[in-house]
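The next part holds the structures, each set out as structure tokens.
Two complexes follow with subunit A in common, the first pairing it with subunit B and the second with subunit C.
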Partner chain A sequence: MSDASKTMEDFSYDDVTPMPFNEPKGSLCRIAYSAEYTTVMGIIRAFLSVKEYSERALAATAAAIELNPAHYTVWSYRYDIIKNISESLESDTKRQQYIDEELEYNESVAINYPKNYQIWNYRELLIKLHPNPTPKKEFPLLEAIIIEDNKNYHTWAYRTWLVSYFNLFDEESEINFVNILLAKDIRNNSAWNFRFFLKFNNNNRKLTEEEIEKEISHVKNSISHAPQNSSSWNYLTGIYDRTGKDISELEEFCLEFGSIDDILIEDLRTNDGEDNSDDVEVIVKSVYAVELLSNIYAKEKKAKSLKALEILTEIDPIRENYWSYKRSLLA
Partner chain B sequence: MEKLPKTLRFFEEDPEYKNLAGKELAFEARKHAKYFQMCLNILPARVQTQDSNKLSLVYFSLVALDMLNEIETSIFKKPEEREETINWVYEHYMGEGFRGSLTHDLATDDHGYDPPHLPSTYFALCILSTLKDDSLTKRIDRFKIMTYLRKCQLSSGSFSSVLDIHGKPYGENDLRMCLIASSIRKMLQIDKLSDKEKGKYDIDIDSLERYIMSCISYNGGLGGNPLDEAHAGYTFCGLVALKLIGRIKQQNIDQTFSKTIQWLSRRQFWVNKYNKEEFKDNEYLDFDDLGGFNGRENKYADTCYAFWVIGSLKILEKEHIVNVQAVDYYLLNGTQHSLIGGFGKVHDDTPDPYHSALGIAALKLAESEHVKHLKDIDVQTVITSEAKEFLMGLVW
Partner chain C sequence: MGGGSTLVPANAFKRGGKEILFKYRWFMIGADINVDEASRIKDVEKVNFLLSLLGRKRTVSTRESNSTDYQYENMLQLVENYKNRINFYNDDDTNTVTIKDQKNVENSCHEIYASYVNDDNNNDFPKLAKREHLHFLSKSFKTEFPGSYVVLDSSQTWILYWIANALMLLGVELEEEKEQIAKKVLVAQNNQYGGIGGGEGQLGHIASTYSALLVFSYSENKDFWSQIDRKKMYHWMMTDLKQPNGSFAMHKGGEVDTRAVYCALTVASMLNIMTPELIEGTAEWLGKCQTLEGGFGGSPSLEAHGGYSFCAVASLCLLGDPKTMLSKYCNLPNLIKWSVDRQGGIEGGFSGRSNKLVDGCYSHWIGGIFPFLEAAIQNDNNDSFKGLFNRNGLSNYILGCCQDIEGGGLFDKPGCRPDFYHTNYTLVGLSHCQHQYSFDYKKYELLKDKCLDAAAYCYDVKMLKDDSVIEFCKENMLRPINPVFGAVNGYVEAMRQFYFDSSE
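For the complex of A and B:
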């Protein structure tokens, strides 16, 4: 039975001489450490120097992590304690139970510090140490964090690791997870990125031509619902790049959201800044469509590409310098 | 309403714009200097959550003060105080690198649970060059540091931040560590060694290059690890690391990084009649973000991304594509703290040394008129160009 839930109050440290620390002259950023920090670090430092692997040391690491979750050696020490004690247990069942409890401890820290770097790496190590890991048990934690913070970088990266490590590319759970999040927020770029990973980095197989087409029409449909969503446009061009398809196939699709007519350019110029009211008919529904048109035309229809860049200068003026850089590439 | 030049027309959509029209933007140099001085002084107990990265706290404030031309005048009252601080930095040194804080010092010989830490080694080198410490080459053994660095490199080409007690790489590895390793190598002038010496002390830059390139996502940005979502901070780390190891070929930039440049150009936030429909459904849009940069698609802007994005573009020699007046507007009117100095993460936020230093460095990289009098920042090592020149002039 693990004592992961026990705290320092449950143990005696009478025989431990806390290792003091002091700041010499000339120090910058001198922190006025709390009394608690000084006490806990004093004990942790004593343990770290003698490398004691015990339940009371484990409790001390939890106290230290609570005060300073970014402490880079306390996490590594805690892992060594868990590894040491679990290896001394006589059966796999007991080892499994011990590490499961440590995963629970780690989970509570992860929920309190969702942006900490060390926690997820530590969790990865625990999963690797586990005699019988069940990746599905990880999902509730990941989902709990992602519901709160749907673009949490560490959590998505951990899920990506989990899928690769356990080869879960073809699990229904994964694509369903993405679909639920995208239904909730079609602009969730983390979810789009994960979808791309599942579809185009599947270690088991490559998508068939038919599946690729299905994916293209899926993302086109998403663009139609939110034409100014750069996430879905990136996904679309990402597929074309990855599969070696020719982007000029997308010309017609782009023209649904913008045009490069001479009349349009004239209109934009006469309207320029004179009328920003809501009743002005917005002829360009997506900057990204026109941007893609300029890329499509860049190879063989330079005049058209230049026109697209002229329009972009009018409708997306903050990037004026980028558009003139693109023009310079056409010269 | 005052008529704006075309490239700033998007500000007219800002409901607050009417109050701002004609308002002069100002860079609060004096207040910033005071703010960073305060940050180098005694800090409250809540900062103990950052104890292990203490050298990074020192680094951000010192580099900012150096940019502001304040190192000599406002930190050290007597010359011996500078010496004392330099000696204090060396207290963190342990032969193969530096530890993050003296609370990590276990005074043992084996460095078991008190290992050299790559980020802290980088920050220490930055601090010592900013303080123009000419004893550096005598007090540290660059070959020992490189030996440690080599052990931190993984077979993938990436790096971990420390070694565990068995001497194996421990901890998260990502493009941050790749950048830090590349910076340490550059700062110790390992790239200038003979091929024979490099064979003995250099890291494997071929596998490092492959690793970085494999982090380029389908949208052109770089993620922290291969297949992770593109993120402006990691994009900066990856591009600068490539530059530091000499693997960005100037003549191929437009082609190799065309999508990356496009992705970076899209990070600067704007709104006008052509995209304001987005406000109805996209919860990550905020007028306060006008002119600022986000780190990923459909996320809020944040001061630090101004630095990561402009810095990335600078590496690709495309920093001129950002709209500098809009950067000024976002940083000076938005995230700069006009009362106590420094910059917050977002509009009206309390400042912190990290966002404050990067806010100033972003303005400098963007060549903002408001910071003309500041020292230049070197985008590759992220210390002032003057400090870098000093460091590179040292003879080992």
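For the complex of A and C:
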């Protein structure tokens, strides 16, 4: 059994001469470290210089992480200690237990500092070191953090890594997770991106034509519920990009959200004091639909494409320069 | 896990330290979302109130102040867009966190813009509060940070860069700080393993090294410059950081992402230690990080994100000319689309991802992608340059929504407090608004066979004078930057020249 739950108070550091900070007072952006931080870091630096890998060194890193969880040098050293000690254990069972405990420790820090860069990378290193890793044990932690902070980039990155590393693309749990999150928030772009990863970056196999069609109708359905959602439109065009399908087959679908022919540009122009936003509502339900139409028409129906870009200039004026750039490409 | 509920115990773990208590409660997946009906009704009331204001004020369409016409017009447009936005939400999709958060931010920006547009007292449009920002920065530069800043212990070279860069952008010439800057950087150099760390006695970290070297160039002192161990740096990068797939890690065993690649390439360029081995496979790896949406994720398959996208695009454009690199290694039209989509029609500022909120720091992370995009599509008769994004809009966001006009400093969005990171990157973003960068393809042709990073040194910069693109206002002007490095123009170039000369 390791000394995992021991703190610095359980060890003696009498033989250690802490390495002091040499930065002179009055230097720029100097931090007035607390006495505790100075001592703990001094001990760690002394250990680092002689590469001591021991339980008391481990206890010192925990104390440092508690004071400053963003200290990558301390995390890196902690990993070296864990690696060193675990490799010295005589059986896989003991190694497994030792690393499991470390995963638990890491989890407690992750829950408190979910946006920390070091934690997830550290976890990845531990899983790689583990003699018998079980990815499913990771899910409760990931779910806890993602449910609370549903676009947390690092957590999604870690989940993506897990799926790749353990080849979990076809696990029910993964697509279910995405579906639950999208049911809660149809604009969760991280979930859409993860869905695309599961479906189209699958290491094991490519989707069949039938499955691709199913995916297309799924996203179309989502668009119908929220026509002005960039995530689902990007997903739709992403599928077409990835599979090389022809976007012109989306013309009908797009027209449901903005019928280009029926729109008079003059109607879109807002005149002083006159509120005609109601008219716009009837004819344009989605900027993205009109944009896609402009792309669909760009090859063979330039006049229509231009019209779409003109409409976009009116209804999405912040991107005026972009629409005029797109017009210049048609010339 | 299935569709049911997953529970995480509100537990306490013990390991080599004091107890760390879960700050979290029990979580349940699939629990119903609480629709806060009251706050929704309040929202609607507020919208109606603002709309009534708008109707009244819209008659004030010509304002007798020539100098602020375009800024005013732009604000008016942002206000107008706010009114039209309701057309794009329907009952089905308004109850989500994304929409709730988005509406809050839209409301607070709108309130600010409407207060200027509807102002009968003819108050000035927001200007850059230079004096206050200078005060905020120089005060922080010299006074000691309290112990609570310890979480920034491993970001010390970053803080140094954020503050110094912001000061330089504002036009300050550093004086006695130069020597102190150089000493602080050299103290953070890891003499045992190579690289520069976040502070004294820390492991070399490529992002710390990047920020340290940017600010090191501002010291303009060859005696200090010559104290960087470039050999060790190169060895460290090749053995501890470079990955077989062409990417880089932040530090030994550290995370691998486009930020690390960007920092590695800029560091190698600044020190003139770039070799074909160092950059082997790098552009290809970066290309794999482009997502279905057109932006770049931190690594392949991850969501497109402003910071990672800037790093990927700037990296590609360090390795070659923008036209070639952004067509060969990525889908340029998709990248342009994703980048312009980041600008909020009501806020004017940039968001970092689809369906995320605007944030002042993306004025650089997204705004900083445009010099490359604009250079990639530039044609030679660009006398009527309009650019690809709405410069007056971003400028309105930065000046109107991100400034602490009393205490100085800039921030993320209305309601936030200023910090050094946001102060620097919003200012860099404002500088992007005010300048046009073009790529000197002729110069590049002459240089490209002599060094691998020639492209980073081929950008010409012009101050924009067309008010319809960006309202010219002398008080708001900032210095231009080198778009690849994100540092005030001229200094990194001089330092690299020094290393170039000393390698001969």
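The rule is simple: the second predicted complex is superposed on the first by the 314 of 331 C-alpha atoms of A that agree within 3 Å, B and C clash if a C-alpha of one lies under 4 Å from a C-alpha of the other, contacts with A are read in each partner's own complex, and residues count from 1 in each chain.
We adopt the following convention: contacts are C-beta pairs under 8 Å (C-beta built on N, C-alpha and C of every residue); 3 or more make two chains touch, one makes a residue touch a chain.
What you see is a predicted model, and the numbers here were worked out from it, not measured in a lab.
Undergrad: For the three-chain model obtained by superposing on subunit A, do subunit B and subunit C clash or fit?
TA: Here the two partners, once superposed via subunit A, clash with each other.
Undergrad: Quick check for you: in the superposed arrangement, does A:I65 touch first (subunit B), second (subunit C), both or neither?
TA: A:I65: touches subunit C, not subunit B.
Undergrad: Quick one: is A:K51 in contact with subunit B, with subunit C, with both, or with neither? Answer first, second, both or neither.
TA: A:K51 sits against subunit B, while subunit C stays out of touch.
Undergrad: Between subunit B (first) and subunit C (second), which does A:E266 come into contact with in this model arrangement: first, second, both, or neither?
TA: Neither partner.
Undergrad: Of subunit B and subunit C, which one touches more residues of subunit A?
TA: C
Undergrad: Per the contact definition in the header, classify A:A157: touching subunit B only (first), subunit C only (second), both, or neither.
TA: both
Undergrad: Between subunit B and subunit C, whom does A:S5 touch in the aligned arrangement: first, second, both, or neither?
TA: second
Undergrad: Contacts for A:V284 in the overlay, against subunit B (first) and subunit C (second): which applies, first, second, both or neither?
TA: both
Undergrad: Looking at A:E249, would you say it contacts subunit B, subunit C, both, or neither? Reply first, second, both or neither.
TA: So A:E249 meets neither subunit B nor subunit C here.
Undergrad: Counting only touches as set out at the top, which of subunit B and subunit C does A:A144 meet: first, second, both, neither?
TA: In the superposition, A:A144 touches subunit C alone.
Undergrad: Could you tell me which stretches of subunit A are touched by subunit B in one complex and by subunit C in the other?
TA: 19, 21-23, 25, 27-34, 37, 41, 45, 67-73, 76, 117, 120-121, 151, 153, 156-157, 160, 164, 185, 187-190, 193-194, 196-197, 200-201, 226, 228-231, 234-235, 237-239, 241-242, 272-273, 280, 284, 287, 315-322, 325
Undergrad: Could you please specify the touching residues of subunit A with respect to subunit C in the complex?
TA: Its residues touching subunit C are 3-8, 19, 21-23, 25, 27-34, 37, 41, 45, 55, 58-59, 61-63, 65-73, 76, 79, 101-102, 104-105, 107-109, 111-112, 117, 120-121, 125, 139-141, 143-144, 147-148, 150-151, 153, 156-157, 160, 164, 172-173, 176-177, 180, 184-190, 193-194, 196-197, 200-201, 225-231, 234-235, 237-239, 241-242, 270, 272-273, 275, 277, 280-281, 284-287, 315-322, 324-325.
Undergrad: Report the residues of subunit B in contact with subunit A in the complex, numbered from low to high.
TA: For subunit B paired with subunit A, touching residues are 3-4, 6-10, 12-13, 39-45, 47-54, 57-58, 61-62, 81, 83-88, 91, 100, 102-108, 112-115, 117, 161-162, 164-165, 170-172, 217-220, 223-225, 227-231, 254, 259, 261-263, 265-266, 268, 270, 272-275, 277-278, 281-284, 291, 296-299, 318, 320-323, 326.
Undergrad: Applying the document's contact rule, which stretches of subunit A touch subunit B when the two form their complex?
TA: 19, 21-34, 37, 41, 45, 48-49, 51, 67-73, 75-77, 80, 117-118, 120-121, 151, 153, 156-157, 160, 164, 185, 187-190, 193-194, 196-197, 200-201, 226, 228-231, 234-235, 237-239, 241-242, 272-273, 276, 278, 280, 282, 284, 287, 291, 315-322, 325, 329
Undergrad: Under the touch definition given earlier, write down the residues of subunit C that touch subunit A in their complex.
TA: The touching residues are 1-3, 6-8, 12-18, 20, 22-24, 27-30, 33, 55, 58-59, 61, 77-78, 80-81, 83-84, 86-90, 92-93, 96-99, 140-142, 144-147, 149-156, 159-160, 163, 177, 180-181, 183-184, 187, 197-203, 205, 250-255, 291-294, 297-305, 331, 334, 336-337, 340-341, 343-345, 348, 353-356, 377, 386-390, 393.
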